[in-house]
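Once you scroll down, you'll see the structures, which are given as structure tokens.
Shared chain: chain A. Partners: chain B in the first complex, chain C in the second.
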Partner chain A sequence: MLNWNCDKELYPDGLPRCSLAKFSPVVLIGGALLTWGAIGAIICLGYGLNKTGMNDYFALGLWIVFDLSIIALGAGAFFTGFLNYVVGRKELKDVINAAVIIGFICYSGAVAMLGIDIGQPIRGWFIFWHANVHSMLTEVTFCITCYLGVLLVEYLPLILENRVAQKQRFVRLLSHNFHEFMFIFAGTGTFLSFFHQGSLGGMFGVLFARPFSFREGFLIWPWTFFLFIWSAIAAGPAFTTLIVSLTEKISGRKLIPYSVKMFYGKVSGWLLLTYIIAKTIDTLYWALSTLPRMGVTFHSLYAEGPYGLWLVWLELGLFGWLPALALVYPKVRKNPALLMWAMVLDVLGVIFNRFVFVIQTQAIPVLPFEKFMGYMFTIPELGIAVAVIGYGLLVFGLSYRYLPVFPREKELNPVEG
Partner chain B sequence: MKQVDNSKLLWGMVIDLDKCIGCGACSVSCQAENNSPFKDDESDKLRSMTWLKIYRLHNHKEFPEYREAYLPRPCMHCDHHTPCVSVCPATATTKDEEGGIVSQIYTRCIGCRYCVAACPYHARYFNWFDQHFPAGTEEYLNPDVSVRMRGVVEKCHFCHHRWMLAKQEAAYKGEDTSKVTYTPACAEACPTGAIYFGNLKDPESDVAKLSKDPRAFRLLEKLGTQPKVYYLTSRDWVKEWSDNNMTDAPAAGGH
Partner chain C sequence: MFPFNFEWAWDVGHFIFMGLLYMVLIILGAGLHIVVGKALLDFISGIDVSHH
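Up next is the complex of A and B:
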């Protein structure tokens, strides 16, 4: 007879968890998505990137949209660390572990996906060896790699806090000492994240021969450098809150106080509002000044194919101004459903922004005698992208099940505690 | 990126569109010279290796006023802030300090394709497939040009190897290697002599003179990339295709 609670020794101290049977959908769905991704990876690595929908007009596709999006959404990790350890918002201790795990999933998933995306994965280290210091992508690679190391160091003490692992004296001491020095890693993470979030925006802003994404800027940094950081820290905390809320829904347990969600709503709201003001000014300046000097008009960039002006209204209006104004309004934040919907729009906005910069930049022809190009991903390509979701489901699910991710879980659920 | 310009040599090309008949000899000779591969199925032109692509332009008018022109498009070898060079994270694409040729180091390229996205002229090509040569054609591969591997980017390099061979020959003969000239395969193959190639900094060269011709223009000049490929035409409607007009960009019509 199968014992569905055979893993209870591993549960966090004093916290109940569902049986393995109830937990199995998490493993099955996550495993299925990962398997789809693994098959896609074998096909793409074995037969080449011709198995994707990319071509010489769409050199960057779904994976880069996914990469940029999850790195932006993973910004909740560094920003929570910054607010908790550097600014001193101690109430964020309740959510810092979850933010670190989400950040780790996002960054490690992005790096894994990039490993498949490059045509010569075995030469990936050439970026470090033959680094071109003028390339924004070099900066992105250096900072993301370093920051992934930081996230690992931040995640490790939590893994060591597993009830069984804590029985070892060495592990106990090690995890305690890690916690003592965590503010250093939080500071380092903030510094690294600031630059790679910005450089991801800079990657597109510096494309001065691609008017759709080109932006002027300050010294060597195009405005997209600052806008990408801004949008990432506006959406990152919202994404962390949404994932925690989803975990609460699935587990049926309260994991963080609602005041933390409201605080994150307020932070996201004000950051999103200031971001969307800057983004609107940036769009106007680009449309009225930058583009005419490059020989194109704003309307000509939205004149062909499905990528019309509706993209601008959607990004700035529905995914920008609307959630920003909603989140800065206290009554909205006090209503759990409205708070969640506003955060969903906030998160969709940053994904949409990354999609537009990657896909539309390449779809719009620069040569007057070139045509508008469409792009559609393939099944293996999609599999590799959604594998990150499966990976996230597994890592976050297992972490919640076996590690003390939420320090106030017991206190917030007194009956079961 | 600050680029040192201490050379008296700047390779450039001038293509006379009034002479071009669109025969494709330049494109074919480019492929043969540079060991460009074929795909099993060449119907998907979005992944074809066409370092020198020929566009057909028209004047937006109906018969009998309808007119056509052909525009061969090699790499522009942009001289200012070369878009592909500055973005490459692994320094796999370079612009020579002497001569200004923009080249690709195949064995260093990691295949990230950022350069492909950065190039507004679509002059860069990624090896989506393992290179394939129909049976027997391996015998005709050019031993002076390496074949490329899957997963790297490649592009026109103004037949850089021919310059190297010309320098070797000059050195062998005891001549001044800095004064050698050479002809890329496309210019050599053009039956109407529409493609000129030479040193843009040599005031006596054809290309230097023709680049200053009133008929001369370059593609997308407003972007400031300063291409080293010039075009000549006496037809205004052809010249209009060189850039997006600020207030009335023509709809895409060429291919």
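Up next is the complex of A and C:
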């Protein structure tokens, strides 16, 4: 007879976990999404990028929207590391492991997806060897690659803390020393993440021939540079909280104190409020000053095609001002359901912002004989994007099952513990 | 063709860009060496730590 608890030796010390039968949906769903992605990758690499929705109008498509979104949502890792190791907010120790795993999933997923997006991954090293030092995209590539290394270093001590691995004295010493010197990696990660989040926005802001995304700025950095960092650190902690809350819901166990969620809500709220004020000022200045000087009117950019003015109201209103005002209000943060809803809107806001910058920028005609376009992805293309979700489900699920991700789990669940 | 970049040019852009990259790589490499080295020294010295 099959033993559904044959892996219990690997469980974190003193913590119960569900049987393998109950855990199997995580593996099956994750595996199915990864299989879809693998088939999509074979099609796109074998037959070429014309198997995606990308064409002469859209050089960037669903993958870049997904990339930019998950990189922004993965900002919870660097921001939590910064607050915990550099600023000294020790209560975030309860959530730092989860934030690191989420960050690692987001960044490794984004890099894997970029490997397909460049069409010929075998030439991926060209961008490092033939570095164009005037390109923000090169800076993004360098920083993302280095930061993925940092995230791996931050994830490693957690893997080493597996109960079976900890039986080895050298492994115990290694994980202990990783923790002792983690401030070096967290500090470097903050620097790297800060710059590539910014440069991802800067990439759009410097597009002088695309008035929709062009922005003025400070020295060499357009305002989008700063707005992208700001929105990422406002949404990253909210996304981390949502994933942890979802894990609590699925596992039926309390994993972090509610005070940590409220703290994250407060941080996200104030960052989002200041961001949305800056974003509104930026939009007004762009619409009333930048665009007229470039010979374009605000309404002409939304005149036709699928991407109308409603996008602005959704991005700034429903996904911007509403969650910002909700999260800074203490009574909302004290209500778990309202806190989660406000965080969902916050996260949707950053995804929406990245979609607008990637897709709408390219959808608007820049030549007199062109028309407004709409982007539609293909099934293989979608498969590669959702494979990252499947990959995330597997990595986070397995990490929660076998590693001591939440240091206060035992204390917060005294009956089972 | 120097230092370690095929299209290397002796200008400010390359110094800042590649300089920051190498600085980060050196910090990360040094950090990893310190961690592994200290763990090895502790191991040889017979030191042990409790489970985290």
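The rule we apply is simple: the second predicted complex is superposed on the first by the 417 of 417 C-alpha atoms of A that agree within 3 Å, B and C clash if a C-alpha of one lies under 4 Å from a C-alpha of the other, contacts with A are read in each partner's own complex, and residues count from 1 in each chain.
Definition applied: contacts are C-beta pairs under 8 Å (C-beta built on N, C-alpha and C of every residue); 3 or more make two chains touch, one makes a residue touch a chain.
Here the structure is a predicted model, which means the values were calculated and not measured.
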Task: Based on the superposed arrangement, let me know which partner A:131 touches: chain B (first), chain C (second), both, or neither?
output: both
Task: May I ask you to decide whether A:166 touches chain B, chain C, both, or neither, giving the answer as first, second, both or neither?
output: second
Task: With the two complexes superposed on chain A, say which partner A:70 touches: chain B (first), chain C (second), both, or neither.
output: neither
- request: Kindly classify A:296 by the partners it touches after superposition: chain B alone (first), chain C alone (second), both, or neither?
  value: first
Message: Going by the contact rule stated at the top, is it chain B or chain C that touches a larger number of residues on chain A?
response: B
Message: Just to be sure I read the superposition right, which of the two partners does A:208 touch: chain B = first, chain C = second, or both, or neither?
response: first
Task: Examine A:339 and indicate which partner it touches, taking first as chain B and second as chain C; both and neither are also allowed.
output: neither
Message: Is A:101 touching anything from chain B or chain C once the two structures are fitted on A? First, second, both or neither.
response: neither
Query: Of the two partner chains, chain B (first) and chain C (second), which one does A:149 touch, if any: first, second, both, or neither?
result: second
Statement: Residues on chain A touched by both chain B and chain C 129-131, 134, 138
Message: Taking the touch rule as given, give the residues of chain B at its contact with chain A in the complex, in rising order.
response: 1, 44, 46-47, 55, 57, 71, 81, 83, 86-92, 108-114, 116-122, 124-130, 149-153, 219-220, 222-225, 241-247, 249-255
Chain A partner contacts - residues on chain C that touch it in the complex: 5-7, 13-14, 16-18, 21, 24-25, 27-28, 31-32, 34-36, 38-40, 42-43, 47-52
- request: Note which residues of chain A are touching chain C in the complex, please.
  value: 13, 129-131, 133-134, 138-139, 142, 146, 149-150, 153, 161, 166, 169-170, 172-181, 184-185, 188, 191-192, 404
- request: Within their complex, state which residues of chain A touch chain B.
  value: 48-50, 54-57, 59-60, 117-120, 123-124, 126-127, 129-132, 134-138, 141, 203, 206-211, 292-297, 300, 303-304, 361-362, 365-373
